[in-house]
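So the structure is just underneath, and the comments pick up after that.
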Amino acid sequence: MLGFERGRIHPTAIISQSATLAPDVTIGAHVIVYDNVTLGSETIVGPNSILGEPSASFYTAGGQVNPPLTIGPRALIRSGAIIYGGTTIGSDFECGHRVTIREKAEIGSHCRLGTLDDIQGHCTIGDYARFHSNVHIAQGTVVGKFVWIFPYTTLLNDPQPPSTLNRGPIVEDFAVIATSVVVAAGVRIGRDSFVAARSVVTKDVSPETMVIGSPARPVVRTPDIRSAETGEPMYPWRDHFDRGMPWAGIGYDQWKARQDEMHREEV
Amino acid sequence: MLGFERGRIHPTAIISQSATLAPDVTIGAHVIVYDNVTLGSETIVGPNSILGEPSASFYTAGGQVNPPLTIGPRALIRSGAIIYGGTTIGSDFECGHRVTIREKAEIGSHCRLGTLDDIQGHCTIGDYARFHSNVHIAQGTVVGKFVWIFPYTTLLNDPQPPSTLNRGPIVEDFAVIATSVVVAAGVRIGRDSFVAARSVVTKDVSPETMVIGSPARPVVRTPDIRSAETGEPMYPWRDHFDRGMPWAGIGYDQWKARQDEMHREEV
Amino acid sequence: MLGFERGRIHPTAIISQSATLAPDVTIGAHVIVYDNVTLGSETIVGPNSILGEPSASFYTAGGQVNPPLTIGPRALIRSGAIIYGGTTIGSDFECGHRVTIREKAEIGSHCRLGTLDDIQGHCTIGDYARFHSNVHIAQGTVVGKFVWIFPYTTLLNDPQPPSTLNRGPIVEDFAVIATSVVVAAGVRIGRDSFVAARSVVTKDVSPETMVIGSPARPVVRTPDIRSAETGEPMYPWRDHFDRGMPWAGIGYDQWKARQDEMHREEV
């Protein structure tokens, strides 16, 4: 068998007897699955990944029960991932290579993480979050739904390091944080806002606001940003971009109307 | 056998029957070689590497033929590399640990990539390119020959993310891009130019120009830059630096004259 | 056996006969230990790590003796580390996942490196250094004791790249370098100083000085920095932070007095 074969567990994989795997999972070569891991249906785990990685005390003290790691159905976990015990990931998760996700991360459904992303745990990431490569998320961070974060961007939690303070940033729905941004501890980045590349965000960013610079300052309302090529409005991005989004093919407004209607029926 | 032994394939390596390996290749422990991979003579593949990594549809749909990955002779691929099918790499390639090279990268000869470089594919990289650690190359990028790029520098392709636009930058021959630079989508960086550390390049950079800042602005012509230690001109760097270059020991001008002469003879 | 089991060597590990392992070491799955590696008592090596990685000539020429790698007692090396031969690491070392430490690094005791740190070798790192994720240390760097460096910070050594110059920076004891900083070649960063996030340090930083910006300029003496939350002084940080430090529970002053007394007795 090659590095993986659909629907099979590679003979070189090392799987804990306490793991709960859906019968149709695919597990690649050299994968390690520690205790208390649950994998949903149709999940694919690329070679060399480690699931249910224990925290430090497990190594040093021994004998502890590893906390559960639960990954929902249809995950595509590319090779070299390390995901700790104590974390929960929703359905339809996808990630690039060699991501690290530490303990107590609560990750929604349909999220995508890029190669080498470094999620430090003790954080919340909303549905349909899209992180490109090499995004660093400090403990205590709260990321909303439909948030985009681009490479080498770091969200921090210690206002005056080193200290024992932990003030994770909050990023609201539909916000976009471009490449190589530093988001300082405790900052709130508003819904539909846009943080330009290489900014250092030291103060809250209002909704529908573009900020730029170090320290980042507001420069324009995002609804006023036009495409340099077509002159059309570019934000909110949900009005013109739907790849991988639940409104693909029908548009955000129609999807939202249906969602609202379903919600009323439920109520 | 240890992690590798010259001229041998480690017994723990997992090699597709459709792979074409020169008889003298060295393959380290736990390496995975998927379908349609061709490795040139004297190539060394460090442990834990994955060659011919399939794209997402291979995982999810199954049954596809993986596109070919071709790597020229005398490659030294350090441990933990992930190189996708559909990519071509010339002779005398060398890379650090855990590089990622995605599909449809066209990489020339004598290139060197650093540890953790993240080549997103659908791009061109010229002969003798030198990337240090943690360089991020977006899809659509075109990098010329003899280009240097330093750590944590990112070349981007989406002018107003997220969008469906793809405007990879162009970097011309002999350009140098220092550490932690952001190169915006669609920018052209001219031959023999120098981009200072931590710049954000939002406009084209003229040949023989040093730019600095965010946004980057021209400050000096590169031929006018002097060594702080000797007072000698530092650029074009090919006039005083030859380590690993084809003009090593003879100087660029003599090498170039020979090249031109050979080319005339061929014509 | 799972990915590791305390006090045992995983059957999938590949260990050189010339390695010297304390009898109580723990070695995880798929680990490779090359020639001339010495591991101290109670050391734990996570899965997929490579210890004693050879330099390029070993691969290409073959037959060389790999220089020794020595790691002191009680190290916790998380999965995916690559540590070269020719390096020395003191006692009580701890690191995150997938660190790279090249040859001729001299690393003190009680040091902690973060996930994906990239130590380029030929450098010195003092006791109790604390590097967060994705720190890049160029060859020639000298880092003192009790130094903190935060993510995506790079220390450089070539003032006019590419050149054959090698001017590693010097970072003195107790200095703090925040996130995404670039430290230029040859710079000295003084004791008890603080470099703010996203700065570019191009000139020496005096002791007890906070610098910020690009290029970084002094803005305040660190003893004058107050907590935004309590109004108390935040630096020197040793007066209020002791997690993992030798003065934990007793305070720096009392610890230092004891150290000085012990030193007098020794003399």
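Going by the order they are written in, the chains are A, B and C; count residues from 1 in each one.
Criterion: a residue touches a chain if its C-beta (ideal position, glycine included) is under 8 Å from a C-beta of that chain, and two chains touch if they have at least 3 such contacts.
In this text the structure is predicted, and so the values were computed from the model without any measurement.
Participant: Roughly how far apart in rotation are subunit A and subunit B when fitted on CA atoms, stated in degrees to the nearest 5?
Facilitator: Rotating subunit A by 120 degrees superposes it on subunit B.
Participant: Since subunit B and subunit C are copies that touch, just let me know if over half of their interface numbering is common to both, same, or not, different.
Facilitator: different
Participant: So, what's the distance in Å between the C-alpha centres of subunit C and subunit B?
Facilitator: Result: the chain centres lie 28 Å from each other.
Participant: Which subunit A residues sit where two or more other chains touch them?
Facilitator: Correct list: 12, 30, 48, 80, 98, 116, 134, 152, 180, 198, 214.
Participant: Which subunit B residues qualify as touching subunit A in the complex?
Facilitator: Counting only subunit B, the residues touching subunit A are 12, 14, 16, 30, 32, 34-35, 48, 50, 53, 56, 59-60, 62, 80, 82, 98, 100, 116, 118, 120, 134, 136, 152, 154, 156, 159-165, 180, 182, 184, 198, 200, 214.
Participant: Using the touch rule from the top, collect the residues of subunit A that touch subunit B in their complex.
Facilitator: Subunit A reaches subunit B through residues 1-4, 6, 12, 26, 29-30, 44, 46-48, 76, 79-80, 94, 96-98, 115-116, 130, 133-134, 148, 150-152, 176, 178-180, 197-198, 213-214, 225, 227-229, 234, 237, 240-241, 243.
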